[in-house]
Each structure stands twice: as structure tokens, then as C-alpha cells.
Amino acid sequence: MRVETVAPIETIQKSPSNWSILGRELLKDKLAIGSLIFLVLFLIGIYGSITLINQDEVTKIDLMAIQAAPSADHWLGTDDAGRDIFGQLVIGARNSFTIGFMITILSAAIGLTIGLIAGFFGGLVDNIIMRFIDFILVLPFLMLVIVFVTIIPKYGVWEFIAIMTAFLWVGKARLIRAKVLAERELDYVQASKTLGTPNWKIIAFGILPNLSSIVIVNLTLNLAGNIGIETGLSYLGFGLPDGTPSLGTLVSSATNPVVLEQYWWNWLPASLLILILILAINFIGQALKRATDAKQRLG
Amino acid sequence: MWKFTLRRILIMIPQLFVLSVLIFFVAKAMPGDALSGAIEANPKVSAQVLEEQREKLGLNDPAWVQYGRWLGNLFQGDLGKSYVHKVGVTDLIGSRLANTFYLGVAILILTYVISIPLGILSGRYQNTLLDKTITGYTYLSFATPIFIFSLLMLFVFGFRLGWFPTSGSVDVGVQPGTWSYYVNKFYHLILPACAGALVSTTATIQYLRNEVIDTRLKDFVKTARSKGVPESKVYSRHILRNSLLPIAAFLGYDLTAVLAGNLFIESIFGYPGLGQLFLQSITQRDFSVVTALVMLSGLLALIGTLLSDLILSWVDPRIRMG
Amino acid sequence: TPAADAPKTNESVKETGKFVSKTSNSEASIQGGILNYGLASDTPFEGILNPTFYEGNPDANVMQFFYPSLFAIDKNFDITDGGAANIKLSNDNKTVTVTINDKLNWTDGNPVTAEDYAFAFEVIGNKDYEGVRYDALMMNIVGMEDYHAGKAKTISGIKILNDKEVQIDFITATPSVKSGLWSYPLEKKVFGDMKIADMSASDAVRKDPIGYGPFKIKSMVTGESVEFEANKDYFLGAPKLDGVHLKVVNPNVLIESLKKGDVDYVDGFPVSLYDEKTNPTNIQFLGRQELAYNYLGFKLGKYDKAKGESVMDPNAKMANKSLRQAMGYAMNNAQVGAQLYKGLRTPATSLIIPAFANYYDSSLAGYTYNPEKAKQLLDAAGYVDKDGDGMREDPKGQPLVINYAAMSGDTVSEPLAKFYMQNWKDVGLNVQLMNGRLQEFNSFYDNVKADNPDIDIFSAAWGTGSDIDPSGLYGRQAPFNYSRFTSEDADKFLKEGTSPEAFDIEFRKNAYKQWQQLMFDEAPVIPTLYRYELQAVNKRVKNLDISYDAGYDTLAKVELSADKPVTQ
Amino acid sequence: MALLELNNLKVHYPIRGGFFQRVVDHVKAVDGVSIRIEPGTTYGLVGESGCGKTTTGRAIIGLNKITDGTVTFEGQDLTRMAHKNQHPLRRDIQMIFQDPYSSLNSRKRVMDIIAEPLRNFEKLSPEEERRRVQNLLDRVGLNPEAAFKYPHEFSGGQRQRIGIARALTLNPKLIIADEPVSALDVSVQAQVLNFMKEIQKEFNLTYLFISHDLGIVRHMCDEIGIMYRGRLVEQGNTDDIYENPQHIYTKRLITAIPNIDPAQRQESARTRQQIMVSYQQDLKELMDAEGKPLALKTISPSHQVALP
Amino acid sequence: MNTEPVLQIKDLSVSFRIRDEYYPAVDQLDLTINKNEVLAIVGESGCGKSALALSLTRLHDVKNTRIDGGLIFKGQDLNKLSPGQMNKIRGSEIGMIFQDPLTALNPLMTIGRQIEENLDYHTTLSKKEKTNRIYELLEHVNITNPQRVYNQYPHELSGGMRQRVMIAIAIACRPSLIIADEPTTALDVTIQSQILDLLKQLQAETEAGIVLITHDLGVVAEMADRVVVMYAGEIVEVATVMDLFNNPLHPYTRSLLASMPGANAGQDQLHVIHGRVPSLQNIPRGSCRFSERIPWIPQTAHAQNPQLDEVGPGHWVRCSCYQHFHFEDEGKGLVMDGIAGAK
């Protein structure tokens, strides 16, 4: 005997999928939309200009044009060695964004892998990993970064990314592990086990997609923080090597009070760009966060 | 509880040991040593004399021999001697610790005094103009580099308006121990503490706001309302306490972290504390000081996590430790 | 004034004349007053306030007020009469007799005695002493080496003749004695019972330092500030000022502090803050030649540790003299000095700085900017572009990449190195930064000292001190001879310069003239910039003279013309 | 031969503490349970919250480590199956979970959910696979199009059917159903229970049916075991348990079921009162020193009770 | 039975805002709750039971909810009271019991304090008196060791104990109306029966009116005096408990009863209701809301804008469709026989 036939497909009311909620939430937030548009244009601008702006040309010292005010030649003037600020701003933004992005992605990749393994398998593996993470977490981050920066002989953008990643993945790993611990108790994971699915498949195709929205929100918010990460170190004199254009180096030129007061074009555009960029990414991240958190949804 | 604390303290020992190995060898890997700068101090000093000095200080021994010696001294409570400052590291750190402590505590107090009300208001009046203003402030302070912020404060309040002293921890000439001495110290503290606090409020405000928003929707809040508890009391007794719980957990960490010094604020406001000492010691390769300071922050962080756990177990009846 | 000192032959050196070394304030002075002294420094003011033990510059700045040198010096930096002590050389120039002024007392009331002076030598020469004052001249004292090795209880060459007189015998006579003699006593009554290792940490050094200068310390916050008051018992009579307030000022806020009148006087004003367009108007800048120069060095060999001397490598990349000279001519130092350093640096011509007016060879042309000449030199030496990429190959046709080590430091370091590289590129030389970046101070010297094969050329600066003898930096045995250049001639000239005959000024002049010429011709090291040192002074300050030969008690003569600082 | 046999099964959860997370104590969640389940029957496991029902079920299917005792399935020892996801016997034992929301991965299409076991154990062409899945969907009364939708597009009852379809994919012999309907509304509950009965006949399935709802258990089960603190206190067929309960705990459970007839309210309240009184008096005597039930004693061929 | 009304609900609508539009989850509902009676409200999940319960004390989130209509409690309209006046009534005149006793208690407050809070705002007792009163209350809800429990925290108690505490809080000021929203759903059967007994006993003492929300018809049969069956925000049937179980009329009521396994012992198949409760936005308003779930009954059997009709003393049914209702497979005689006393 046939039990109740299923209601016709059309009448089954579709509840929106997670992604469409994300999209909808984003679209509802004018600030987030504006930010998204800005960000896209910004990225096109800085990466699209790779062929247009020559780094050697931009960083060429011109002693006869030191601290020139903005003009048609130099849209945003020049710095204390006659280098074009606008060009540095573009290349610097590209460097800073790349750094922020790479740090975020790499620390997420490591954190995700380790967090997933620790959380899923638990027991001894988890124990060892967590002790290790605890240890890294109590390390004085800024101090050790400064020490590392001084001992690495060939130090550049990628080394900087590596050092930062070495410290920042732990936070991610902890977050992910906590989430996985909760997730692995859910019945669908148990079900997969009883269905004979290998662990790595459960992790990769079962758990991971379910963490994706959390991870993406977290990454977005982190990205915002990581964009400016090198500014502080640049100020202390342990940022990127001299002569590597970055938003941090431009901003930290404000350390010199003469520059801060008289030659605003050295640091102000970069500061504003950082501000806007971080705000934009943050707005997008907050919108995403609201979308994943039903309680905070705009409605 | 005591057993728990004791066990946690025992656990710190291996962690500190690993940290000491790490920092010691990393510090040794830094190019140069405390004597590299000597040619600047006296251009006539002969290289042989410097070599002799190195030998005497044991800087020429293999790193592990130096480490062994250092560890041995450490067990006798001797952190070594600062080459640059020519005093015991313990004394040196001791002399800076007080300043760092005052600054740290001032920042901490200000941070909480500012961020707790703002976080609660922002969460309670979610999506109102007030909330948006406060959130806007947190975004701004999140996105502004701390040193730009501090430098601007220094220029505006210190120099343009002249309201506050612009560097140092105390004026010259006031007699230590007198009332005016402490007033003067406090006066020097205001600007750096405000700068430090304004920046560090961000995270607390946002965290608290989210907590309040979450807690507001909990069932027990509904229960409280159903008992006829007035709205203001619902917040102060129920929502607030539960939202502050995670913040209380950070407190332990914050309390000890203030002792590690604030690199940015100290260097911008010329405030002689441990953060400034660290930066100077790094550039001058004053290894004994660098290692001691890193060890100190590591130790403080460990104590901080312990303290956090203790505080949490104290304020949260659900967490009991055996 | 330095303007008068400066030789007139070289175009660019003349520019230094734009700074005066003496305040021009001519208003009526007030009675007493407090001078606010700003100590602008990145390095800590450690508070080791004793000449025997201190190392950092900030401490020296503090000590100038209360613990000055015993000796007055002339324009050649030689000791002359008129200070708190006078010296007399024996006929064979091997023995010095130091006579301390009778009225000279420590600020704790005790007289400064011959014993105190001799005690300083005993401390410095002791094997437990950890400072950096035990140098070649110290070792030249009779019996010092034995004492240092612990073989003798006393230094046989130092004799206390009476309360105020000490006689010091040297092994060999050298003119360096005249400028390099140790010039600070150490109070034996205070330090005599201490272990040497404990002295530098003692209260007498840190908390209540005593001196004998025009001012004395009233109170102090270590690392931050010092309050001085006039030393009424100063042997030359009380100073004009009532006192001095010294405080450490972060260079970041220096300009604002000066504008606001928080500080009246800052010595060692940082170059990066100097900007004619924006300098405060309530401030007068005083200037003088710094006892230092910048240079470009070429690695020509290695230091042989076993032999204890430098050994040249004829196959070194930079072994070709024409290549070195061409690189020298390619550098546009005039532009660097005028633009990058706002006129605070001038192109250098010789390894002996003009401040040593007697010995500086003003006729030497130096490597002034001349790219055409550089190209000719390179063409002639076979460094030509064979593959047409715009860069020259070496005479064998191999690609030529010159590795350049430069030091990071201030904001100017990086543009400077880049600019030189552009200069060299303009003449077709491919110069690359070692590791692609500037080296931080410590790793720079580590690498240069170890003759790292990755370094072909390097640029840095030397401080000369007040002794003209360059053998510590360029001698065959000197480990600091980083270019590892050696030559028999150079050995000879350097030896002559410090020989007993060199007490004859003309003889000495001649020796150094020949040495300067040799170094110019061979170009193992090319001096690039002479440096100008600035001090910023509030316009209310009177009678401050910073020239090296201004006289013994310059600070005691300073006066103020207003109660309050002039503000902008 | 019994399809499944548990012999003195014990599952102890370690309680960890200290820095190295050493085991400091154990929760004896299941502490000596012996059960035989005959093919084609439904065995109900009943008891109050926390008595170890779920743990027993999970131990059988290998989700929990067995501390002691044996699990025999068709004569084969399953005791060491835990942590081996690809054990061949996995095919024969499947599970239906309590919560139809969390037991389906919301990121996967129904197709992928149902095909998951197929992909693990059988190599099928995509075409074959699709046919199998749609077949199954048809069997559980869902449209074939349902294969291309996501779980959140279905109601609770429909989701539970998807879960059942997934469990049926590999043609298992034993299905462990842990409170399969307790998260569902009465109306939906009925739908799922009906369906489970139906497929049991069709596939000759054996159920281990875990529930705390005695009404449902009575409706579904042939044999029933009453669990208390990790052990069985009574075991028998439905009539034994409902008509002739012996253990005071069983009696208490049964009288606690709300009576559907409002007319008998007073009466049932009275019996409840009586049972409660004797429960409080007698329970101590029926427990061993550890506070755990005594060993089972056979009082009739089908009926065992833990009485002294 | 005493029929003095405690609360009269008049034309009550509770609407939630979903994307800037308000949708009523409780739709123009009229109901009277009498003194000393247990009024049970049953229905599937999502049919508006909790929305109704919360609206009675106006505990909804004010920003997204609109409450219209009258709530006449002891002569005053609760819906017109200021928040301050409402607070006076909550806890003292109306007590609430929630479903999950763990989350409904503040984890950071001792049990004593949480009960005391209620007394704080509604009595003028001294500290000492309050403490004694709390001991009494705890004893009253059959907690054996009140002194100890007073100082314990919620997590230290078992589920049953917690629910007793919730009850103690609700009855602390002897309210004349108690609203219990699924008070036993989270509990075991044995504990459920204890809690239900307790509620009954308390009612006997205080003569309060109890609104008991549940979806378990067994609980209804055990506890209720009158039963309200809700569907999609509307009442579809009101009857005394005897009437309802002996003579269920509305198709929804009958379907619910038919799907209970306990009531159908021995039957192989249980009744299944088609489809599911419509979500708030999709409720078919203006016609018989249940019609879409009994598609085999012709549309003509349903009334337009169906109203509640009194079909017997105190027995009200909505829509005319009940007169024409039969189960889909009726005639095969499968399902109906099992229902106790049906027809």
C-alpha cells in the first residue's frame, strides 16, 4: 500500500539556501553593496595597472624633485627622494593587499587543515596539536616578529608573509577546531561513518562545506585586519624592507613630523586608502556575518 | 582549585623551557652583538680589545654553552647583566616595570570604562542611531593605524592645545614620594593612556555588543521578564552579567599583558617602559635584556591564561575545576 | 668659525659657510635663568654618567654639563693650556706630566687629585674593566700591558708626583698623545673600595653622579630627565645660568618641542628633520663639521686572522683600479649633499676631513661627479657593453654584476643607495643590493667584517674622533681596514705620521699628504660626503659657541636674554 | 540463529583531565547488556534519558568503542569494527537517526546523500547510480525529481524518509533506529512509523528500535528491553512487558504513560501514586552495591527480569 | 465547575514582521480562560500556540511584533497597559512556565535569587521572610532539600528539578493565571507525570486558571478541562476534554487523534495527515485553512470565511466541513475503529 504521495514539487515551499541568503543580505545592505563595488574597482585598478605602472620608474630617485607638491606630473606629489607618490600608492596598495590576502589565505589554509584534523580525530592527535597551539599562542607575537625580521637575511614581501602566517594560523586552527568538534557530533557525520565513507572524505566533502560560511566570514573580517598589518611594524622600523612600496611604508612616513605637518601628500592618501579599504572589507564581512547569523539579520 | 592551579603552574615549566630555548637561539642568530656598536662609542678602540671583551663575556662560546650558563644563572634568579646599561637585567626591568605597570593599568581601566558602557548601549539599542554611531567609531578606530592616531593626539592635545606633557613619565625636579609627584606622574599618563585605550576599546565594544545581542534573545531573559522584572533590571541583572562573562575571562590575560609593555604607545609618547626598552635592546643587541623581556612576556601570558581560567571559574558557576 | 676654517679651494665645501657656530643673539641678558636642554635620541639615555664607563652618546651629552674633560683643546684638537689641567711633554716626547688645577674640586667637596687621575688608568687598564676605553694609546703606557695581564699590581709608567701632578711614561713617542690622552679623573675616595665590575652599576655613577664641571646634578629621573644647578664652586667661577633642565625628547616631536619652547637647545639635531622650507622661526641653527665622513669601500681582499693582517686578492672583482675610479666619478655627491641632505652634507675629497685643518689636503681634487670621465675610464679598461643590453661586461666579456652592501638607518639611507645605483647604471654598471635590501647596522658590519664574498662594494661612515691618525682604519694590521687594501707605501706614510719625528708638524703634514694622495690614486676607499652637525638653539640663548676651539668652559658662559623661551 | 547478539556489552566513556588529558574516571554508560534479536523482528530498547540506549546502538554499528563484551552479527564478531569505516559488515547494518535536520548534510543534494554508500561500496556508472537512487526515492514515496534538491526543501517527515532511503541503499539486514520520530510532530510521526513497518515487511528487515515513548514502542516492537543505568532490568515480548510487567521500574514507566481516555484520569492517577510509593520503597533492594540493576533472571521462556 | 473568567481574549491578532510586512500568526482569536480550569491548547508545530502564549503577557519582541485586540484580565485590558503596569502583573498575577527549563533559568544566578527576584517586585516581604517563603515554595514543588537547592545553580540540578524551580517561580506570588508552554516536552515520561501531577495539585490549591500548551494529546487527556485545537493561527475546535475525545468533530482534531500510536494499539497503520502546516506567509486566509490538507473533501463542503459555530454546549467548531468529513480510506474501516469511542 502506498503511503501518502508526496506533495507536488511546486507546492513544496523552497526555503532559501545559505548562499542565496548571503546574497540577499548583501544586496539589502547599501553600504555593503557600495563597498563591494568599490573593492572590485579597486582590485581591477591595482592589479590591472601592473602593465601600466613600472615599479622601477616609480621608485626612481629624482633628487631635483624632492617633496614636490601634487601637480599634473605627479598627481599626488613626490616623497623625500623625489619618487612619485601616486605610483607608489598603486604599487603599495597592490603589495599591501597581496600581503593581507596571502596571509589570510595561507593562515586559513594551514589553520583549516590542522583545525579539521585536530577537531575530527580528537584524542591524542588533538591533544598534541592543541598543546602546540597553546604554546604558540602565549608567545609574545610582536616581539618575536621583530626578532625574526632582524635575523632573516633576505627579507622581502614573501618572507614577511611567511613570518606572519607562522603566527596567525593558530588562531584559525583553534576556531576551526572548535567548530569541527561541534560539527562532528552532528548526525550527518555519524551517518557518513556508518555508510562506510572514509574519514578524509567526510572531512573534505562533509564537514568542510558546512564550515564554509563561517570560514568565509571570518576570513573577510581577517582580511580587513591583515591589510594594515604591516603598517604598525613599518612604524617601528620592522616592516617591509626600505624601498618596497606599501601602504604601511607610505603611512609611516608620517613618523617624521615635518612630513606629517607639511607634506601631507606623503601619508594622507595612503592612510585614507587603508581606512576606506578596511572599512569596505569590514562592511562586506559584517553583512556576511549578519547573513550567517539569523539573529542579526536585517529581516 | 589549588590542585588545579598548582598543576597549571607545573605545566608552565616545560612551556617556558621551550620558549627559553627558542628565544635564546633565535636571539643568538641575530647578526651582531652588544659590542658591534662599540666602534661608534670609541673609534679608537682596538679590535683586539673588543675580542678580549667578547671572550670575557663568553660571547665566543658555542651557543649551547652560553645557553647552559644562562639557564644555570636563571635558576639562581640571575637574569644576567645588560651590556648596554651595565646593570643587572633584573634591576633594569624593575626600574621600567613600574612605569609600564602604571600605563598598562591606566589603559586597561580606561578601556573598560569606555568600552563596557558603549558595548552595552550599542547592543541594547541595536540598529538605532546610537548603535550606528558607536559601531562607526569602532570601525574607524579599527581601520586607523594606531600610531597615526596617537601622533595626531599628541600633536593636537600635547602641542597645539598644550594640555598635556608630550613625553616622559614625570617632570624633572618633583620629589619622588610626594603627593605632587604622583599627580605629576598621573598627568603624564593621561595622554598615552587615552591613546592606548581608544584603540583597544574596539574589540571589547564589538565583542560586548554581540554578546548583548545574543544574550538578549536567551530564554532566561524571557523568564526574567515574565517575572515582572523591569526592563532596566533585566539588563543590569540578567543580560549584563551574562554578556560580561567572556570579557571577564579576558581580564586575566589583559591584567598580565599590561606588564609586557606597549611598544607603540611607549615609543610614540617617549614613555620609558618595557616596550621601549625592548625596541632599544633589539637594535643594540642587548641579548640578556631581549631574552629576559621575551621570557617575561611569555611567563605573563601563561599566568594570564591561568588567571583567566581562574577568574572564569570564579564568576561562572558552571565551570568547576577539580 | 668653521667658515673661516673651511678651505676655499673646493666649490662645494664653501657651502658649509651658511651656518654659524655662535649664537647671534645680542639682546641684553637676564640674570641667571634656566636653560632647557633637549636630548634628542633614538638610543637610550642609559644613565651611566661617568666618562670611564659610559658608552652611549646621550650619556656624553649629559656629562658635558658636570663632568667635562680636564683639558682644553686647540683647533687641531691638541691639548692646550687653559683647562682644568695642563700637560707638559718631555723633550723626547715620551713622558707627559699632567698638572691639575689647584682649585679643581669634585662637587662633593673633595679636591680632584693626582691620585684620582691615576686611578682612572688603573681602572681602565684592569682586566675586570668592561668598557671600551682600553685602546692603543693606553697600551702604549709603560707597564700597562703587564698590569692588564695581571702580572703587575701597579702601572709602572704612571707616577704620582704630588697631590696635583701625575707623570705618564709612554713606550714610544707619538703625536697621538697630544690629542688622545685620557682626560677624565675618577674619584678614588668614592670608587676606591669598589670592585671594578660593580662600579658602573653603583649609585655614584647612576643616582648621585659627581663631577667638577660648571653645573651639578640636583635631581634626576633615570632615562628621562636631569635637573642641573649651577656649581657655585666651579674652579673658573659660577656659570652664568642658574641651572639647566635636561630632558629626553623623542625625535618625532622635536620640532614641535622647539617651536613651543619646551626646549631651548638641542644638539645633534637630526638631518631628516632639517628642512629650510619649514624650519621653526624661533630657532637659530648652529653648525659645525662633524668628525666623520661617509665613504664607499671596495673589497680587495681578506683579513688573514693567522697573520693578523689584511691580504689583497689580485683576482677580486674590484681589483681593477680604473673600475673603482670610474665608480667614484659616477657618483653625483654634490646633488646628494645639496638635495637629499638639504646642504648638510658636502662632497668629500679626502680621507682626512677638513676639520683637521693642518693635515687636510685641500689641493686634492677628489672624485667629483664626472660621468664622461667615468665612461672613458671604463672603456679604456675594457669594461664595454658587448651584448648591447646597455650594461657593461668585464674585460673578459663576462657579465659584470657588482654587489653592493649598504646600511639602513634613517629615511635617507635607502634613496641614497638607490641613487648611487642609478648613477652607476648611467655609466653602464650593473650594481645590485646585497640580498636585495639594505642591511641593518649589525648585520652590515657582521658581513663586512667577515669579508662575505657576496660583497663587492659597501658604503658606510666612519667617525674619526679627535685623533687624526687613520691607521686604526687603514693600517695593514687593522681589522677595521674593511677594504683589505694594503701597500708598502701606505704602511710607510702611516708609520711616519705617528713616529716621534711627527712631532714636527711639517713632517707629519707631509706624511699624511702623501698618504691622502696615495689613497686617492688607488681608490680602495672613496670618501663620499663630509658631514655637518647641527644644533638648534632658541633665540633667547646668548653666547653659545659650538666651534671645536671655542675655549674650555663654553657652557659656563651661556646666557639667556629672556625669562621665557621665544615661541613660534 | 539470532541475527544480532550482544553479550555482556560494556561501553565506558573515559573522563579526561589534566594537562595530558589523562583518563581520570569512566562513565559506565553501558555496563553489561546482553540482547538477542531474531531476523525480521523489531526489538525495542526503552528507558529514561541517559540510561545508555543511544550508546548501545552506536556501539553495535561501530561508532563507539566497545570496552568489553561481544557483538555478534550473523555469527561474525563485530566487536572491533569501530574506526574502520570501510568494514564490509557496514553494509548490513545501517542506522536511522533521531534528528532529520542534522542527519542530512545540508550542503549536499539528495542524490549525493543517498548515493554516498553506493559510492563507497559499489562502483556504478553515473547512469546506474541515478537509477538506483531514483528507485529508492520512489520506494520511500518521494518524487524522482527530489534527487536534485537540497534537504532543506523537504518537510521533517520527508527528510526522515530520505534518511531511511539512504539506510536502505545497501540492502541492509539490520537497521538501528535511534528515536527516529521523537523530533517529529504527531502527524508526521505516524507517516514515518507506517513507512518503517511497511518496508520491514518488504525487505524482511530487523529493527533495533530505540525510544523513550512507550506508546510508539508498543506500536512498533515485538520484543522490548527496558534499560536502567546501563543495564537491562526487564526483557520480554510486548505482551510480557505491557500486560505483565515485573520490575518496579518497568511498572513505573508504563503507568507514567498519559492515559488517552480522560474518563480514567482519576484511576490512573491512583495507580501511579501506588506504583510510585512502592518504587521508592523497593528500588534499593533491586539494585546492587554500585546502584546498578541486578542480573536478569528468566521467569518465562520469553520474559526475563532483574529481580533478586 | 466554577466559570468565573480570569482572562478574556477578544479578537486577538499577533502579527510578525517578515521583510517589512506583518503576517498574523494568531488571527482574530476569541477565548475565555476561567478560574480553576486547565485550558489545553493543542496543534502541530507552527500553528501559533507559542505566539498566543507569549502575547498574553506581551513578552514578544516589540520591534517585530504587533498585537491587536483585547486581553481583558481582571477588568483591565492588558494590551493597553504601560510597560510598568504590565510588569506589575507579570509574575504576580500571571505566571509563566517555559519548555526548556535549562535555558529558561539564568545560569549565573542561584536558584534562590531567581525565585526571590519575583518576590522582590511584587511583595514587600523582608529578606528573611522572602527566604522562608522560598523554602516553602521549593518544598511545595516537592523539592526535598530546599535549603541546599536555594544556593545551587541551575546546572547543578536535573531536568525535573529545574522544571520544578520554574514552577516555583511561576507560582511564587500565587498568580490567578498560569501559562505553561509545553512544560514537559523536554522531560522523560516518568518526570513528566510527576510535573503534571504537581501542576494539578497546585491548581487545586490556588484555583488559578492554567493555559497548558502541548502537542501531546495524552497530556491533554490527563490534564485538561477544556481543549482548544489550533490550526494555522485559528481555533478550529473548542470543547470539554470529554467531548473532544468522545466526539471530535473538526477534521483536524480527528486526524490528530487518528495519528496517535498510543490510541491505536494493535493497528498496523496510523493515520497520516497530508502536507504540512503552512508557513506564516502562505496561510490560505479567508477560506477553510485546513482544506488543503484534506483534498479529497470537495471544496463545496467548506464554508466561505468559516466561523466558529457552537454545535453543542461549550463545543465550538470552525467551518462546515466537519459535517462532510471522512478519512480518505474510510470504508476500508481501517483507521477509525481504534480511536477510543469515536462515533
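Going by the order they are written in, the chains are A, B, C, D and E; count residues from 1 in each one.
Basically, contacts are C-beta pairs under 8 Å (C-beta built on N, C-alpha and C of every residue); 3 or more make two chains touch, one makes a residue touch a chain.
Quantities reported herein were computed from a predicted structural model and do not represent experimental measurements.
Novice: Please state, in steps, how far chain E lies from chain C along the shortest route of touching chains.
Specialist: Tracing touching chains, the least step count from chain C to chain E comes to 2.
Novice: With chain centres defined as mean CA positions, report which chain is farthest from chain C.
Specialist: Centroid comparison gives E as the farthest chain from chain C.
Novice: Between chain A and chain D, what is the separation of their C-alpha centroids in Å?
Specialist: Centre-to-centre distance between chain A and chain D: 47 Å.
Novice: Measuring centre to centre with CA averages, how many angstrom lie between chain B and chain D?
Specialist: 55
Novice: Averaged over CA atoms, how far is the centre of chain C from the centre of chain D? Could you give it in whole Å?
Specialist: 89
Novice: For chain B, write out the residues touching at least two other chains, lowest number first.
Specialist: In chain B, the residues touching two or more other chains are 30-31, 151, 155, 267.
Novice: I need the residues of chain C touching at least two other chains; which ones are they?
Specialist: 252-253, 256, 440, 442-443
Novice: Quick check on chain E: which residues sit in contact with 2+ other chains?
Specialist: Counting only residues that touch two or more other chains, chain E contributes 269, 272.
Novice: Chain A touches which residues of chain C in the complex?
Specialist: Residues 252-256, 272-273, 275, 277-278, 332, 335-336, 339-340, 408, 411-415, 418-419, 422, 435-438, 440, 442-443 of chain C touch chain A in their complex.
Novice: Residue numbers of chain B touching chain C in their complex, please.
Specialist: 30-33, 36-47, 49-50, 53, 56-57, 84-88, 91, 95-96, 151, 154-155, 158-159, 162, 166-173, 175, 267-270, 272, 276-277, 280, 283-285
Novice: Can you tell me which positions in chain A touch chain C when the two form their complex?
Specialist: 59-61, 63-64, 66, 80-83, 150, 153-156, 241-243, 253, 255-258, 261-262
Novice: What does chain B use to touch chain A in their complex?
Specialist: Touch list, chain B to chain A: 15, 18-19, 22-23, 26-27, 29-31, 127, 139-140, 142-148, 151, 155, 213-214, 217, 260, 263-264, 267, 278-279, 282, 290, 293-294, 297-298, 301-302, 305.
Novice: Tell me, which parts of chain A touch chain B in their complex?
Specialist: Per the stated touch rule, the residues are 134-135, 137-140, 142-144, 146-148, 150-151, 224-225, 228, 231-232, 235-236, 251-252, 254-255, 257, 260-261, 267, 271, 274-275, 278-279, 282-283, 295-296, 298.
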